[in-house]
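Chain lettering (A, B, C, D and E) follows the sequence in which the chains are written, and residue indices restart at 1 in each chain.
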Amino acid sequence: MTVVWSFLHKLGSPRWFYRISSQWLPWLSFLAVGLLAWGCTWGLAYAPPDAVQGNSFRIIYIHVPAAFVSLAGYYAMAGAGVVSLVWRIKLADVALRAGAGVGAAMTFCALVTGSIWGKPTWGTWWVWDARITSMLVLLFLYLGVMALYEAFESRETAARACAVLSLVGTVNIPIIYKSVDWWYSLHQPATIRLTGAPTMHPDMFHPLVVTILGFYLLYLVLLLLRMRAEVLEREQKSRWVEDLALGRGLAAEPGG
Amino acid sequence: MSAGTGPAWLEIARRDLLIAFRRRAEAANPLVFLLIVAALFPLGVGPAPQELSRIAPGVVWVAALLASLLSTDMLFRSDFDDGSLEQIVRSPSPLYATALAKMAVHWLVSGCPISLVSPVVAGLLYLPAAAMPALLFSMLLGTVTLSLVGGIGAALTVGLRKGGLLLSLLILPLYVPVLVFGSAAVDAAAHGLPWHSELAILGGFALLAVTLAPLAAAAALRINLDS
Amino acid sequence: MSAGTGPAWLEIARRDLLIAFRRRAEAANPLVFLLIVAALFPLGVGPAPQELSRIAPGVVWVAALLASLLSTDMLFRSDFDDGSLEQIVRSPSPLYATALAKMAVHWLVSGCPISLVSPVVAGLLYLPAAAMPALLFSMLLGTVTLSLVGGIGAALTVGLRKGGLLLSLLILPLYVPVLVFGSAAVDAAAHGLPWHSELAILGGFALLAVTLAPLAAAAALRINLDS
Amino acid sequence: MPLFEACDLRCERDERVLFEGLSFTLAPGEIVQILGPNGAGKTTLLRAVAGLSTRVSGEMYWNGAALPGSRWEFLRETLYLGHDAAVKPGLTPFENLRWHAGLWGRTTSIGIEGALGAVGLARHRDTPAQHLSAGQRRRIALARLLLSPARFWILDEPFTAIDLEGVSQVESLVAAHAAAGGVVLLTTHHRLSLDCRFRQVALESGALA
Amino acid sequence: MPLFEACDLRCERDERVLFEGLSFTLAPGEIVQILGPNGAGKTTLLRAVAGLSTRVSGEMYWNGAALPGSRWEFLRETLYLGHDAAVKPGLTPFENLRWHAGLWGRTTSIGIEGALGAVGLARHRDTPAQHLSAGQRRRIALARLLLSPARFWILDEPFTAIDLEGVSQVESLVAAHAAAGGVVLLTTHHRLSLDCRFRQVALESGALA
């Protein structure tokens, strides 16, 4: 138990986080960029064109990873919310806020790439399809968390309120997804369907797996970058940030 | 003693009802709002009956969503502003029960009357009479969820003086399932199809909300007080 | 001296802009609200593009009306609550100018951005591209009137802590002319008809509102202070 | 044994330490006045003692039991009167007090009418509170002191807006409560003139530079 | 000649006469304190004098000219500090005062920084007001006394939430203002201890029964 506690305590230390993340970031970024470059070149240059859609399908290597990550990102954010509510760890507050921003960006990316893809495929930018609509609602949920955070003056209060909201959201996301799915099948016969996954050729599928992994890492890198910026802003008056700003580097923490 | 005899949450509900009764002229506000918003549509969309009748379920439900949302705004706000909330949180009654009681009163003075007049509003938009029972019952069940989920938003924003806009951003996305199944029930009834499964699902939402929403609202209230 | 150099109304406008800038994250709220309300309609009405495209002008205008209305609520409220309004009324600058300045700032931070994103929202509802210029310009002119007329309502209800509902009842009926001509302009453009006369009428409304609304608002503010 | 005990309280706000190593006890019959200039942290401290804020670290005991644990017994025994009076403008003084009494489920034997008379609001019994003056509204809140059976009073500037006669009346209420074995923790910028002994705890602060 | 003159003021609220036949004058250098128990009508009177309320009948003169007529000159020469402090929670003390100064278009030579220092808020210059304590927020409003060139001060309970040191500071401000030829009309439930003479006008009232 004490081991867990001291670990959690250390995790709570912004300075420790800053130091460790400095060590990890180069590796993570390298991996993320490498995977993305590999997956994209493979997917864009070497994978065979789609029988129906020709080359326009290649946007899938951005679209699908972004969509995956944005959903997972919401649960990650809510997880940070739980940690923040239960253990009151400042770093979880930071992660919550950063997660909302990065998650909203990913969702937006999925929506935009989807729209771009929709134009040649469906002849229209936007369709009120179940999955797309629930993606839009997910974006609203992210924006709601961001707006709530900004509305509070006190950071701690903001983070805890956002934690409650994101937890409410996690209960609701499956419900929203299911209900929108249901709504679609009720109102409109299936004139349009997302093509792909089950029948996807392995040559198209393997690069997709690589870019999905790459996107998860990219998410992590962006999250860490935003968290570091926020940590610096919060701790701007503390000694270690001052040392950092003066180019004195970051000494190991006493006992850390 | 003339003091209340029941538990504290009952006393709180009684006071809220008393205040609502004091201002009974205001009770009509959500209804009039519903009517006005519904009336804006023929003005904006055009008066063709068929078209209106087709969009009627959706329009009435969206208007009800907004009316419920706007009346939620003050659910905890006035108690927060005058310090009553501090006393409520410190009272021997669990905050869960108090929050639930306040949400129940809110439903009684807004959701319930909204449901009762919604058939009238729908009639103005040429909704076929066959769909009226479905509208009434889906409204009665759906507004329960609206009041409860709206209460979470009201509790989250209680310390902020930002008006209803922020609340809408937080809560409207969460209202989506109720909107979907509510308007689906009415649509089904208008086409002569059975609509009981939709009603059952709305009931499920309401049950889920009754158990979870007061918890979230209580947590949000505590957070806002401790700022 | 570091004190402001212009007349008092300029200082008041500057402070309102400063507060808006402090909370620039909130500036997005009316926009997101517009998007959400617009998204509710396909959910309630169904996703068929033709139908949506037909009701799009009305839906976008109604959503803009509501977004403008909800953000109006706080126009004078916070100044009333903290006593600033007493000081404004007692300042050497005429209340007419002050009220106009506050309304102008309100348009700048809500009506103007709402107008600018309305084409995007309309696009989601399949409004034809040909109608977009009409939408944009009618919105830019129409929201001026909305901000001004909404300001009257905000001034009338400033002393009452009733949330946005009462305000909606007072103001939405007054918004009707803007709604009618605004959506008519868009509708006309969507059908390839000329839409300049509607725009001219909207311009006339805006001019009328600029001259009269601050007067009414100033009177309403005085009445509310002297209670 | 002290009824209430606070050990080593500490509060930091906006990177500034408001108080630190603050300890005090309240044995039955004791009155403690928290002293300090504006911004010293008096309200922050009282809200933490009342269980409304978690911004203060340290230990607190009620009747010997550590506090977050024995929270319910503690809340049942304490009355908190904050900057905001918890008076609903739309309700009459009588209705306001009935609500407060109902929140607790029990009252002292004086009754609501009696309490209203004692604070000089008998003739305003049925006037909505929004038609009362600032001091009259505050008096409604003070009537709760008469009605509540709580043993621990936490009073944050109870004399705000109260006239001289009212101040001395409240002072004698406080003294009588202590004489009956209750405990009182209060802040005020008035010079207290109580008939009994009371202790003062100063919050040192550089708030005023 | 008196700077301000009130003749035969009368106010009735809710079918109850608050005051009647009330007359007083303020010659340059004079200070008048309105006395009365809670609910006597002090706030009502001060708001009427400040031109914010029309609920009081009777005549008022500024510099010899009847009041509703010479309203603009009067407003330019008076400073009103009411129960509500006109302090925006979202703005810093500096921004709040800049706004007040801008509203008037002119300030005294002390400057905003100087005024903030004088009321002990120098180090909170850039803290949003909502992060300040009740007394500190009130001090922002009191800084207006230093900034405004007005000759007539109307102060409604200026000492609310202010600590003892602050009270004596405001008292000396008031005395200095009178000494410089200004006039002050104020209410407070504190026992005023001014270095100069001042008059008291009592509102008789049965409010406390």
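We adopt the following convention: a residue touches a chain if its C-beta (ideal position, glycine included) is under 8 Å from a C-beta of that chain, and two chains touch if they have at least 3 such contacts.
Because the structure is predicted, anything quoted here is derived from the model rather than measured.
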| item | value |
| --- | --- |
| Copy pair chain D, chain E: interface residue numbering same or different (half cut) | same |
| Pair of chains ranked first by number of touching C-beta pairs | B-C |
| Distance from chain D to chain C - Cα centre to Cα centre, in angstrom | 45 |
| Whole-Å gap between the CA centroids of chain A and chain D | 48 |
| Length of the line joining the C-alpha centres of chain A and chain E, rounded to whole Å | 56 |
| Centroid distance [mean C-alpha coordinates] between chain E and chain D, Å | 29 |
| Residues of chain D engaged with two or more neighbouring chains | 83 |
| Multi-chain contact sites of chain A, meaning residues that touch two or more partners | 137, 140, 143, 147, 151, 180, 183, 187 |
| Multi-chain contact sites of chain B, meaning residues that touch two or more partners | 78, 81, 162, 166, 169, 172-173, 176, 180, 187, 226 |
| Contacting residues of chain E [partner chain D, same complex] | 13-14, 36-41, 43, 83, 120, 122-124, 127, 131-136, 138-139, 157, 160-167, 189, 191, 207-209 |
| Touching residues on chain E, where the partner in the complex is chain A | 90, 128, 130-131 |
| Residue ranges of chain B touching chain D (in the complex, touch as defined) | 1-4, 6-8, 10-12, 14-15, 18-19, 22-23, 78, 81-84, 86-93, 225-226 |
| Chain A - residues contacting chain B, complex | 85, 137, 140-141, 143-144, 147-148, 151-152, 154, 157, 160-161, 164-165, 167-169, 171-172, 175-176, 178-180, 182-183, 186-187 |
| Of chain C, residues touching chain A in the complex | 23, 25-26, 28-29, 32, 35-36, 39, 42-43, 46-49, 52, 123-124, 126 |
